[in-house]
Amino acid sequence: MHDRRRVLQWATFARSWWIFDANHQCPFQSANRLCLFLEGKHKPIYHPLSDCGDHVIVINTKHIAMPDRFWRAWRHFHHTQYAGGFQVQRAWQVHREDPTKILKKQIYSTLTGNLLRKGLMARLHLFPEEDVPEGMLRNVSNQIRQVMPVPKTLEDYPIEERESFPRVFEWPEEYVVKDGKEFERQKEYLDEDLSLSKLQ
Amino acid sequence: MTNRGIPSAFLRTTLHNGIGRYVCQLQRLTIKFCKEQKQSRGVRDFIENGLVDFAKNNPSVAVYAQVKRHRSPALVAEYLNGKTHIIPVAEKEAAELLEWLDFLRTRSGEDLIRMRKSQHTFSPSIQGAWTPVTNKQVFPPDFTFPNNELFQAHKFTESATDILQRLARKSTSKTD
Amino acid sequence: MALAKTCCGAIKRFRLELPNFMNPPPITVLQGARTYKQHSYRYNKELYRRRLKVGPIEVTPRSKQLNWNEDVELEAFTHRISEKLSRVGVRQAFTDMSYSRSTAQLVKEVIGDSVQGQELDALDTSAGNEQMAESGDNLARKFIKDFIKVQFPHLPEEGVGSILEFLMSTGKLAHVGKHLGITDLILYDVPLVSLINEEQGEERACAFVRDFIITQLIGEDIDAIFPITSAMTRLVGLLEKKGQGEPISRLLEHCGQATAVSCYFVGIYSDNELIGKAPGETLEIAEEMAAHDALMSLYGIQENRLPFDFNTTYKQYGILNSGTQPTLLSSEQH
Amino acid sequence: MVTPSTHGVADRINEQISQNSHGRLFAVIYIGGHQFKVTTEDLLLIRTNRRFPDVGDRICIEKVLLVGGKDFTMVGRPLLNNVRVEATVVEKTLSHRKIWFYFIRRKGVKKLKLIQDFLTVIRINSIEVSEVEDDVD
């Protein structure tokens, strides 16, 4: 084979590296999109028998977004194969133990269940935050578009815009507004509860 | 799956036939027949009436008539690619014989086996083979990943907020 | 029994390739067979031994068979290549020198003194195709050279030479001859060119070369026939000769550059213009291949170049008798 | 709506065509109920009947859906009229024997047919394209 043909073959089947930001992204819709890239279905050379998938780095998996009921309703089943070894965990519990697990499980179940799946999963690199190793980040040559727009929080708007936003009514001066820290307090409480139960 | 078990080949021609000038691939035709038996009657008919015309119409084919006493008649075609095709023509009429001769004349001599592809090309790609960088978005050299501004999800519909803000802008511009 | 038959077939097929008596081919037992049949092994071995003892089958030439008429075959041949040639000429073109000499020798031995010496000499030289082969070879070479120069005007002289040698190599000509059906008549088709030239004119002779010899270039990589070595050095030299800026290579894209299976895409620029790009496993390979790509475009032998124009005829004076660069004079449908 | 990218494309294609600098051309042709992407010197196997032109005949393929060079692609809506694709009939033959077998078990129903199709092999000789009119508003 001539060198020209060899390098062309090499280039056609070269694996590119993609990065995906899971911040405020639905894990189910994200999994559908990421599986395309992992299986190589975005390429015109795709064939189910050829292992032509790409590498995907996912960051901010800790900050995925689901509707409230999903955090409670999405369940993860596990059985240790011993009597009484069955356990069920809710999404919020799973997510607190391992912030990458929900996305990983969802992608695993979305991929086609064949012998290639293990290899495809090995090309998925999940990170709870944005701290991707430098060597891995150097490989990245393209980015996957997010599946849903990231909502802006109140802090994202500049103060001038917040002040100038039209209001229907003004709060009375004696009215005490909640400081918005209620959820944080609840979370801390739950964390303490869990750590206590672990100790016991 | 059953097709896997039978012999197969790719489409090809001898000496790139048809590119320069067309060359009839039938090189030699031998008609073997018997002078006495009944099963060679159609062949004998054909030799008396149609063979000279056939040879005249196809001067590039060397035609031989060979007597084989008390053997069943056959057409033996030899092709330029070195292959031979034998068609037994016992009890066949002269008209049918002519059709078989026509079939032999228009063939290239390759085996009649399954074709894996219905097309053959020497230039599979003209605009270049696909690679991961084909039609890829070009980034400036100092571009760093991840960049979330460029890769936000498409907004296909306006949200309620967007509609309200648009209406508000409209109304304020009207009042101005 | 089926097993025995298959094995026999295998032995017969491979017999000529394995002349060593002491090493018969291993007789394999079919997978899934329940028993190993010793008798069939011995039987096959014995058959093999006997087959070797008999020796190779004598190959009978086609011309020794019953249904063979040389006049008919020669007539059919001239019609096959769509030329109007005299039978005497074709026969002479197909007669090798060695054959004609041996015939002359035979004549001498049989009738000895009654034939004059001059006549014998005439028989010796005129019946062979040596001269025809020589003039045909010259004509074909000249035409092929001009044809390639028209099709690839920017290809260097050595490239033209290697393509010419590729087409006029004995193997290629034997291949063409074999598939025109002259194996039983002769071993070499170059004298034909000379014959067509004499009887039909140069244009028909060139058309013959074009239709049957140059078509062999189809589907061949030009850069495999004419290997471009040390592409970057060549490119620098060529661009300097053409008065263009020196080549500058730039990394265009990459795939997994920090991995073991990285792929780099390098482009080569000259005077701020992309003249070639190619992928490669390392930066060095990619740069060399990009230089190769640039050279191919500069030589006009890139993969998506225009196909050969086999319908074009070249007028005699335009291509054969002028020392200058040949030009395309007329185009007509064949 | 005029997008800037389509503006003047026809002129640039015409320039390449007039200078013959488009390189090798390819075309998508419709023949025998199938579409083929072909280029010069290609071989095609099509299912026809015996009335198809004789071997050695030159034919012109009328239904061209798409044509392209190294830098451009023209798509017909649905056919292009500025492209001429010529081909030569190289071979007319029969396919291998295909087995058609109908069988109902325990009912004594068994039918066997050996089917051979008429096949024609054509060689694409040339693809020629003439200049296009700019119909982009």
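Note that the chains take the letters A, B, C and D in the order they are written out, and that residue 1 is the start of every chain.
Just so we're on the same page, a residue touches a chain if its C-beta (ideal position, glycine included) is under 8 Å from a C-beta of that chain, and two chains touch if they have at least 3 such contacts.
Labels paired with UniProt names: A = MRPL13; B = Large ribosomal subunit protein mL43; C = Large ribosomal subunit protein mL44; D = Large ribosomal subunit protein bL21m.
The structure presented is a predicted model; accordingly, all values stated were derived computationally and were not measured.
A.B. asks: Looking only at C-beta pairs that count as contacts, which pair of chains has more of them, B-C or A-B?
C.D. replies: Between B-C and A-B, the larger count of C-beta pairs in contact belongs to B-C.
A.B. asks: Taking each chain's centre as the mean position of its Cα atoms, how many Å separate chain B from chain C?
C.D. replies: Taking the mean C-alpha position of each chain, the two centres sit 25 Å apart.
A.B. asks: Can you work out the whole-Å distance between the CA centroids of chain A (MRPL13) and chain D?
C.D. replies: Computed value for the inter-centroid distance: 47 Å.
A.B. asks: Per the centroid of Cα atoms for each chain, what is the distance between chain C and chain D, given in Å?
C.D. replies: 30
A.B. asks: Counting only residues that touch at least 2 other chains, which ones in chain A (MRPL13) make the list?
C.D. replies: In chain A (MRPL13), residues 8, 11, 14, 16, 141 touch at least two other chains, as defined above.
A.B. asks: Provide the list of chain B residues touching at least two other chains, using ranges where the numbers run on.
C.D. replies: In chain B, residues 16, 19, 24, 122-123, 126-127, 131-133, 136 touch at least two other chains, as defined above.
A.B. asks: Identify all positions of chain D at which a residue touches two or more other chains, and write them in rising order.
C.D. replies: 23-24, 39, 41, 69-70, 125
A.B. asks: How would one label the connectivity among the chains shown: line, ring, star, complete, or other?
C.D. replies: Drawn as a graph, the chains match no named shape, so other.
A.B. asks: Write out the stretch or stretches of chain B touching chain D in their complex.
C.D. replies: 6, 11-13, 16-19, 22, 24-25, 103, 105-108, 110, 112-115, 118-123, 126-127
A.B. asks: Okay, in this complex, where on chain D does chain B touch?
C.D. replies: Per the touch definition, chain D meets chain B at residues 23-26, 34, 36, 38-39, 41-46, 54-56, 68-71, 73, 88-97, 116, 121-123, 125.
A.B. asks: State the interface residues of chain A (MRPL13) toward chain C in the complex, per the touch definition above.
C.D. replies: Of all residues in chain A (MRPL13), those touching chain C are 2-4, 7-8, 10-11, 14-17, 55, 135-136, 138-139, 141.
A.B. asks: Across the complex, what residues on chain B touch chain A (MRPL13)?
C.D. replies: 129-133, 136-137, 145-148, 150-155, 168
A.B. asks: Chain C touches which residues of chain B in the complex?
C.D. replies: Result: residues 14-16, 19-21, 23-24, 27-28, 30, 59-64, 66, 80-82, 122-123, 125-128, 131-133, 136 of chain B touch chain C.
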